[in-house]
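Chains: A, B, C and D, in written order; residue numbering restarts at 1 for each.
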Amino acid sequence: MGILINKDTRLLVQGITGSVGSFQAKQMKDFGTGIVAGVTPGKGGSEVHGIPVFDSVKEAVDEADPNASVIFVPPQFAADAIFEAADSGMELIVCITEGIPVHDMMRVCAYLKPQSRLLGANCPGITAPGESKIGIMPNSIHLPGNIGLVSRSGTLTYEIVDLLSKNGLGQSTSVGIGGDPVTGMSFADILELFEEDPKTHAVVLVGEIGGTAEEDSIEFIRGMSKPVISYIVGVSAPPGKTMGHAGAIVSAGSGSALEKIAALENAGVTVAKSPADIVKRLNYFLR
Amino acid sequence: MKLYEYAAKEIFSGAGIPVPRGNIVTSADEAGETAKKMGAVVIKAQVMAGGRGKAGGIAKSSNPEEASRNAQRILGMSIKGLPVRKLLVEEYKKPQIEMYIGITIDRKSRCPIIMASSEGGIDIEETAREKPQKIVRMHVNPLTGIHSYQARTLAYSLDKKNASAIADVITKLYRVFTEYDCTLVEINPLALTTDGIFALDAKMVIDDNALFRQDAKEEETGSLEELAKKRGMSYVGLDGDIGCIVNGAGLAMATLDMIAFYGGHAANFMDVRAGADAEQVKTALGIVSSNRNLKAIIINIFGGITRCDEVARGVVEMIPEIKVPIVIRLTGTNESEGRIMLGKHGITMASSTEEAARKVVELGHTDK
Amino acid sequence: MKLYEYAAKEIFSGAGIPVPRGNIVTSADEAGETAKKMGAVVIKAQVMAGGRGKAGGIAKSSNPEEASRNAQRILGMSIKGLPVRKLLVEEYKKPQIEMYIGITIDRKSRCPIIMASSEGGIDIEETAREKPQKIVRMHVNPLTGIHSYQARTLAYSLDKKNASAIADVITKLYRVFTEYDCTLVEINPLALTTDGIFALDAKMVIDDNALFRQDAKEEETGSLEELAKKRGMSYVGLDGDIGCIVNGAGLAMATLDMIAFYGGHAANFMDVRAGADAEQVKTALGIVSSNRNLKAIIINIFGGITRCDEVARGVVEMIPEIKVPIVIRLTGTNESEGRIMLGKHGITMASSTEEAARKVVELGHTDK
Amino acid sequence: MGILINKDTRLLVQGITGSVGSFQAKQMKDFGTGIVAGVTPGKGGSEVHGIPVFDSVKEAVDEADPNASVIFVPPQFAADAIFEAADSGMELIVCITEGIPVHDMMRVCAYLKPQSRLLGANCPGITAPGESKIGIMPNSIHLPGNIGLVSRSGTLTYEIVDLLSKNGLGQSTSVGIGGDPVTGMSFADILELFEEDPKTHAVVLVGEIGGTAEEDSIEFIRGMSKPVISYIVGVSAPPGKTMGHAGAIVSAGSGSALEKIAALENAGVTVAKSPADIVKRLNYFLR
């Protein structure tokens, strides 16, 4: 059983008739994901790859009883799609869409009740190898196993998953939480699920510069029984454009990679120096 | 999108926040003319850089001649590499108390946060570090917006005597923050003067993701950054000599880190984003290769939505124009098609980011 | 505060909801003039009463003469006791489909509720009773307002072909509902015509408690209800002969019920509200005693914020002008002071609502 | 112990320097209520009847640690006062203010978290005889005992409480939930507390015409172990002004007293015919 998703996940695809939604629905179906319905307003009654399409999430719920939703609608409409999914009782909402206004996302996050968990937006989704995949990670890179992976990035997530798989280090679940300033589930939220998941033996956390999401997870990591290997990118990245004084005042840290790495190491969290180093350290913990 | 001080002040003023009367000028003569009408003025360089005051880009002028002289001087300056082309000539207001008000997004709490201090002015970041108790913070629920009691409580903590005027500014500033889809609005200093409360400086940053519903327009600079942004890509110039083209910001940063790890120096950061086609790859190569210091180029693609064959096609079409060696790593969707297309062009291939980085650093060195 | 159809339509139109062109007229000539410009028109009596159509207060007119004639007739009418003083003369739009959209407050869920039906028109309440599945309901979270998907889903349930125009009307109607502090907005019918979608009727009720921040103004009628409301009291005229003055709506209703219980009939409902002073009591007595059928008056005060001595003072000052017997029940704050003031004036006292009601019914009967 | 309040209740009075706030603070103090602080913006540092006044609820919380608040501020500012009390963690908020716009109250109710309970607005408050009083019920009418009373009215509540007391029927707690269309706690919310309260042996429910608050409580009453005597006023009241069609469509009932009485009696709930009848029926149940 993966965290958040598994063989029994009944997926709804919002924006299924768009080019990306349609292509990715096919990929997910090929992966083995149980897709039960799609939604595109005005396209109700049609089919995409044999998946029935409805005009609204409510109709899809009434007819096909999904419990999770993935969102491929354009950024202007994505927040509304999340509201619709949440109001219709979806337990997991994965928003792939990139470019959603941050004020929309703040409103969404303030609105969501604990029974609806949101991954993203601007995330690659979540994959439980051999069980289910929601999102856009390439199908071929995954290998079932005991490593939990959580990342803020997109393609970098693929890179690490691919590397782990090629080195025989299978994954229980790989999760992208999204790279936007305001997202749904945090590192700590995912780590908590990995800690509880009997199938996960070790966790890889892939972070990057900006914000304090990595630092905010430290407290939880310290209480974990499972090894966590972190990897932070952006050491050689140009310093971010400063956000007036307020950006520096609001968080104690500046969000630089070196500061993050120092904070993690000070707290006793393992920090890998390169992708290859992640593999080395995982092998050390799991030998 | 960052706004110039004068543009932010226009918006603040439209929202009912008191700002000093002011004029935008581009010549010393105009500055003198404005000063004739206003009396004592402050001349302020309009550039997108902090520390203007310390760099000499702000000057008080008591009479038109002085204003004209100061304008002349500042118009000749560059601040942090940015030439000064416009000046804001503003009626001088003598601050008795300088306060600070800023609103930004608290990523951790996922909501707006207002920060206010009775000790504003140029040393506000130092105040934040040294006397954190002097900064009052308040989160706002994005669904309700700011409650009156919150604006009032913040205002009381700044200056009880002028609380109602300050609360009014805070409320209006919050309204600007949401109506204009800002990631930052800031008044520093919010000054108490003999004429009342005034926003003497103004900062405003609009969320790029929300520009589709805001009619703010950026002034064009013709920079490579701007060119890339227009094509949906993200480019930042750096000091090194290895050109980089990657899909995904995280993978791009990892690529830069790996180049540094192997002793190389990246010439740029370039994220072509998910789903780039051949045309975009060509544009990206054009932007990156316009750098004359270039010794080698690395292209690192992990195709998900992006198709490797499209990338390869773009690269092949640009090969005649590229004078430095290219290392390319192509993995993911339609990978084999892409590899076949590239095979005949003598381009160095790699199968992981680390391998690609190692190879491009070697090639770059060999060339020296 | 209930708005006339034409006033509501003005607001709807200002919000971008399509309504037919129309003119307000007060004479048959004006109606004819308007019809000359518009062609076929509908003449609609502007009164605050339902069932205008069934009462003959709405008439289609194909030419100016007919319009003038119809206007003449309707201006002479009274509908449910209300004389018709104004007419709305509106361009005629032939409805092909009549839909219903209403937004009100669902007390139980404590939030706005939108109701929509593809079978609108005059029989909507019957539809609600007989075919409840024909009414689609949707709650709105007052903190977020209506989500686009909600307007869209409602619109699809009405008419998929015209869903986007209908969703637009719903969204704008919800905006009116909140911006104008409404307790009700209603379009019945929302008609599909050959010229597009139109709101052919419009109802709008503004929350009286929010009038301080709305600039809507009620037309004065000079009624006792209005006079009482202006003084912060609530008066409703009834058919009986026992005048009632009570503080608190619940106690006032209990008093009326007790009067009925003992076989009497109340002449009015009058709540002087909490904290009434002598002046207000005098006004209340003036309003209540202006009824010529009056046989007796009951004053029932349970003083909390209201002070019994103030009430007594008001009563005593009015005694010379009151020609019918008064029964008064005074309990609560400063009760003994009040009783002493009343003691010398031969007014019947009671110590509970039930006793007061019983006594006033007896006195009323005796007088006959 | 009363429901919601008791001897340990630490009360904050918002709007304490106004004429009503100040008068009623004195009344509550005389009753024995533990008032620990007052708030009026701009009046911080002063005192009212020996009660310290603060500029904001937050300051009052920091200095005096109240756990309940009563609101006497004018209707334009009352919703903001409720937000302030809720954000400062007040567990019980009693809003006396009459005339608050209903849209404000909808926003307030949608905002409140379960940990903050709201009575009112437009309510007379809550009294636990011998323990504490929050609100404006006259001090003299209460008698400690075992009857729980809940009502939508103001002065009618006093009338019934007074009648009960004069007939020796003391109260565990008397609660006014407020007469506005949208209020915080409902009849059912209060009935639930009375059902759980060992000191309450019987409950009097005083309803009135309009809305369906009484009908909505029926389902809960049917499951109660304690007798509930209801009394509904407005039998002879003029029919309410109709609210377009929507008012009739939104609720199955018309809100008339006779309809309410029929619904209650059909469900087996005792309905008293007059105040005196309440006493008679209580005596029957409690003999």
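Just so we're on the same page, contacts are C-beta pairs under 8 Å (C-beta built on N, C-alpha and C of every residue); 3 or more make two chains touch, one makes a residue touch a chain.
Everything numeric here is computed off the predicted structure, so don't read it as measured data.
Q: Strictly by the touch rule at the top, which chains does chain A share as contacts with chain D?
A: In this structure, the chains that contact chain D and also chain A are B, C.
Q: Higher C-beta contact count, A-B or A-C?
A: If we tally the contacting C-beta pairs, A-B comes out ahead.
Q: Among all chains, whose Cα centre is located farthest from the one for chain A?
A: C
Q: Between chain A and chain B, what is the separation of their C-alpha centroids in Å?
A: Result: the chain centres lie 27 Å from each other.
Q: Compute the distance, rounded to whole Å, between the mean C-alpha positions of chain B and chain D.
A: 54
Q: Going by the touch rule set out above, which residues of chain B reach two or more other chains?
A: Only 141, 143-144 qualify.
Q: List, in ascending order, every residue of chain A touching at least 2 other chains.
A: Residues 107, 111.
Q: Quick one: label the inter-chain contact graph as line, ring, star, complete or other.
A: Topology of touching chains reads as other, fitting no named class.
Q: Between which chains does touch occur?
A: In this structure, the chains touch in these pairs: A-B, A-C, B-C, B-D, C-D.
Q: Show which residues of chain C lie in contact with chain A when the two form their complex.
A: 141, 143-144, 147-149, 152-153, 156, 160, 163
Q: Taking the complex as given, what residues does chain C use to touch chain D?
A: 2, 50, 100, 102-108, 110-113, 115, 124-125, 128, 135, 137, 141-143, 178, 181, 183-184, 186, 188, 203, 205, 207, 209-210, 212-213, 236, 238, 246-251, 253-254, 256-261, 266, 269, 273-275, 302-305, 331-333, 352-354
Q: Where on chain A does chain B make contact in their complex?
A: Contact set of chain A toward chain B: 20, 23-24, 75-76, 98-103, 105-107, 109-111, 124, 136-138, 140, 151-159, 162-163, 179, 181-182, 206, 208-209, 211-213, 216, 233-238, 241-251, 273-276.
Q: Can you tell me which positions in chain B touch chain C when the two form their complex?
A: My answer: residues 143-144.
Q: Mind pulling up the chain A residues that touch chain C in the complex?
A: So the residues of chain A touching chain C come out as 41-42, 44, 55-58, 77, 80-81, 83-84, 87, 107, 111.
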